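There are two complexes below, and they share chain A, which is joined by chain B in the first and by chain C in the second.
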Partner chain A sequence: MSDIKIEQLKKSYQSTQVIHGIDIDIRDGEFIVLVGPSGCGKSTLLRMVAGLETISEGTVQIDGAVVNDLEPKDRGIAMVFQNYALYPHMSVYDNMAYGLKLMKLPKAEIEQRVQQVAQLLQIEDFLDRRPSNLSGGQRQRVAMGRAIVRKPKVFLFDEPLSNLDAALRVQMRMQIKTLQRNLGVTTLYVTHDQVEAMTMADRLVVLKDGIAAQIGTPMEIYDDPHNQFVAGFIGSPAMNFIDCEVTEDHIVIGEQRISRPPHVNMRGKLVLGIRPEHFIEENTSALEGEIEMIEKLGASILLYVSCKNVSQAIVIQCEGHLNVNIGDTKNISFDSHKLYFFDPSTQQRVY
Partner chain B sequence: MIENRPLTTFVSHSVLIIGVTLIVFPIWIMFVAATHDALRLTQVPLPLLPGDQLWANLQTLFQGKEFGIPIHLSVFNSLIMALMISVGKISISVLAAFAIVYFDFRFRMFFFWMIFITLMLPVEVRILPTYEVVAHFNMLDSYWGLSIPLIASATATFMFRQTFLTIPDELMEASRIDGASPMRFFVDVVLPMSRTNIAALFVILFIYGWNQYLWPLLITTDPDMYTAVMSIKQMLESGESEPQWQLIMLTALIAMLPPVLVVVFMQKVFVKGLTDSEK
Partner chain C sequence: MLKRVHYRSSYLPYLLVAPQIIITILFFIWPAAQALYQSFLLQDAFGLSTEFVWFDNFIELYDNPNYLNSFARTGFFSLAVASLSMGFALFFAALADRVIKGSHTYRTLLIIPYAVAPVLAGTLWLFLFNPTLGIITYFLDTFGIDWNHKLNSAQAMSLVILAAAWKQISYNFLFFIAAMHSIPKSLIEASAIDGAGPLHRFRTIIFPLISPTTFFLLVVNIIYAFFDTFGIIHAITAGGPGNSTEILVYKVYNDGFVGLDLGGSAAQSVILMFIVVVLTVVQFKYVERKVQY
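Then we have the complex of A and B:
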């Protein structure tokens, strides 16, 4: 159990820099999720903490000690890989015991530790099976067992759930979270799935192109995204972005005008952001559009509405039993307190 | 393809039977010849049924008076040579492939291609310079001389490289986190995961080593170092007298045995190693 301090961490491969100076302070026992689109450097960052990639610049501290030049085994970490990376020729027991054997622990202690963890993860029954005879979820649990049995200071997860089917993923998500809370081990978790990120994280690090775009609790990031990328990446379905111009009296979208809410005090050409769940039913409509596509999710219904002068269809989340058809005209109104405005050139949030 | 047509069955069976006959008949003749005495073999027609001289012929061979080396010694020589070649080839190429796949050193690809290019240099091509080198090392008439020049193997290195490339990188990383040094990883993970390949290669290389003819012929002058395969040829040329066909056939038969045994007993792993990869 320990804290991690990442300072000005940079990574370059020959001439290309992939991580551009990241600072994260991770408290003891915290569950941190690194999330971002593919190629944003989240796995590289994790692997640098693990010691599988060299650090070009900056420092990683675990428990107050700089670990830049330590071998992975000496950093007090354990890692769970996307494809589990179980040794195919060893039994489940040996897979879990391998690291302990290399630590030269006495046999009795290895036995005791493995049994204990196997019980915790409910894999006692197949300790002598080979990984190839296990289902995906079972392998996942063995991979976690191998990590836990080392009693590490830090858990590192590299997209551990992406090889599982949807139902199992939801189940494992909760198991990992519960387990982590019970063990109280500091955890770094990489995923590209923003739902996974939101549900599991104590704090999120949203990465984009090797930069930490925003760090905060899931709700902070949802409510208060610092820029257009974060706003669009976190939240499902994604936020709508509409080009507009804010004048003294109106928000102008193409030829349609909406009176300016008094608290919006920016002017000029901006990008208006609004989440699908923040549209409201009102008699006076702000925008008008034609329903292009309907997605029924049961509890709710998603309308894809194409409006004049708006390049992309606007996604609106409505109550599930709403009776609409494709081709209908839809009046759109939104909660004027839930609007976001972004500067189109810098993509930073201005309101 | 499961069909049940009498004609197809008939045709395929006949083809198989003809094939088997073509292969088995000469071996049968060999066996029959080995059981008669020299006199009977000079008479026409050749016998098709075994005679009663097998034991006597065996005794002659084991005494080895006529050809310089008793059969059990030449078979032993062959065995040592074949084992040294196959074990040597496998250990060197498995290490070379490990270095090439898992270590990032300068000129890595250069070395890989250097090894690969030696595919074009079998013993027959480099036989004179190789002889020169072996002679200078005083390795003529020794097991080292018989086996070392044949040990380097590009084929095996290449095969192991391909096998190692199919082992996911994450396994290496997982073992690093588990605290395994590179050689531990090699012994605990890489070797066990390629054991079927090793077994398959062992079969191929053992037979390759066993069947070596030209090289042993060239570097052995001491009859004590003769190998079984080359002693057959020596028997044919034993000068003034008639070739002792019954003894030659018996030697050939005995020389055939070890490779056959290796194939029979290792066939399962052999096929497994060449076809599936349990990853």
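Then we have the complex of A and C:
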């Protein structure tokens, strides 16, 4: 049973600060995903919890005890690395038993634990093979096995699926999630893939430039993003951002205007955000645009529509069998209750 | 697949490789062929009469206890040099690998001895251990050790081993540190999380993973000790006292150019040539297979 408390965590390399004070409270057994673009500090944060990077300021507590100055091995953690970090000169069995031998466990218990975990992960047939003779997915499972077998208080995953092909990634995603739920071990999981983040997390931490842009459940973050970055990062395809001006009666977009929905009570130059899946087929209060590009995904179809004097094409998700052609004129209607407005200078959400 | 470049003229490629071929023929193939031919000849000291004696020179070597002693001596010498220089190099590399501040300075300093010519290295150690003037001799004297490698054959052997090993540490260090750098950092981190301290980590992770490099260096060091130590030995002991530091390559020189037994000397160098060929083949065979994993 273990919770993690991260308080005002900061990290600097010489004069450059990369993590600017992050607070996260992680409950026992929770699956937390740290997500963000590359360079946002998510791996650094994870490695600070692991004890592989020193902590410049702030504290990390595991089970109520500050672990800042503890060696990685004394923190009760296990980590799965992006490249798996399996010892290439040892068999799968020895890879998994390495940490247990260092714990000075009796041989019989090591044997029993490794066998049990190998069975759980269906790798019992490869126990005497070298990692180089395994496929990517098998190596991934061995790396997980090495983590599980130590019975840690906390699992740390550093982009563990990014070296797998797409189909395997989806499959492993579910396996990891199921396994974590069954074992009930508190987990920190780093990824840059927002689909992975949405599907696996109990709660998400969206990081940007060393700051936690937002923390919440996947649906909270999807429905209620606090700023333009989070809104754009979470959700696929990404949210449209359109420069507009809200006046007393209208919302002006490029050279066109639509009537202002009564509940939109902001005024001035704003950024309108709307998700591709929130457009509706209706002819009232519509913008007009020309279809520039079509992406057929089967179940749905993505239209890239350009409007006069709007810098970016607007992406619209429609039903898959919609019969349209490039160059067609398209009416664009919004679900007026699914609009977001952002301040163009601070990028904070204002409505 | 390598791409083949096609030249329109047929002589240009030959022209381009010619310098290398000429140098190889002039300085390697031709002398080697000469040595091989010479080893079948018996010649008097003044070169007035020459007789073709087939394998007599080799048979004589086989029956010569001096030569066989020199063989054993060379084996001991090269193993001692290899293990000493590799041991120190590994130790320094393991430490330098963990240094964060000023690691470049450490490395540069450790690499410098490699640039010292063998004879100079020998002379350097000769001064340090000079029986009358040497500063180390002076210190040894305060511990009651009477150092005179000109009289004491064991001391002479230790000195040439020390000098030869010292010079090779840099080379080994470079390879060891490169090998350690090529181990993915995450492996070291994974073992740290698994609870391995630095020593255990070195023994169970780092050392096994650099073993291909270790094997490569072992062969290179043995070849070095067999051949490139001539200058050091010549400067320090000239094979003495007695024959106590006369390794094979030095005996080739002594018998041929001092003793003027050209046939016997040539036969010895043919045997050395054969040893190098075997070592090189072994090395290519194993290093290309990456040894053990």
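Everything below uses one rule, namely that the second predicted complex is superposed on the first by the 350 of 351 C-alpha atoms of A that agree within 3 Å, B and C clash if a C-alpha of one lies under 4 Å from a C-alpha of the other, contacts with A are read in each partner's own complex, and residues count from 1 in each chain.
Following the convention adopted for this analysis, contacts are C-beta pairs under 8 Å (C-beta built on N, C-alpha and C of every residue); 3 or more make two chains touch, one makes a residue touch a chain.
What you are looking at is a predicted structure, and each value in this text was computed from that prediction instead of being measured.
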{"item": "Room on chain A for both chain B and chain C (clash or fit)", "value": "clash"}
{"item": "First (chain B), second (chain C), both or neither touched by A:168", "value": "neither"}
{"item": "Which superposed partner A:89 touches (first chain B, second chain C, both, neither)", "value": "both"}
{"item": "First, second, both or neither for A:78, with chain B first and chain C second", "value": "both"}
{"item": "Partner chain(s) touched by A:102 [first = chain B, second = chain C, both, neither]", "value": "both"}
{"item": "Chain A residues contacted in one complex by chain B, in the other by chain C", "value": "50-52, 71-73, 77-79, 81-83, 85, 87-89, 98-99, 102-103, 132, 146, 150"}
{"item": "Chain C residues within the chain A interface of the complex", "value": "184, 186-187, 189-196, 200, 204-205, 208-209, 292-293"}
{"item": "Sites on chain A touched by chain B in the complex", "value": "50-52, 71-73, 77-79, 81-89, 98-99, 102-103, 132, 146, 150"}
{"item": "Interfacial residue positions of chain B with respect to chain A in the complex", "value": "168, 170-171, 173-180, 184, 188-189, 192-193, 278-279"}
{"item": "Touching residues (chain side chain A, partner chain C) in the complex", "value": "50-52, 71-73, 77-79, 81-83, 85, 87-89, 98-99, 102-103, 130, 132, 146, 150"}
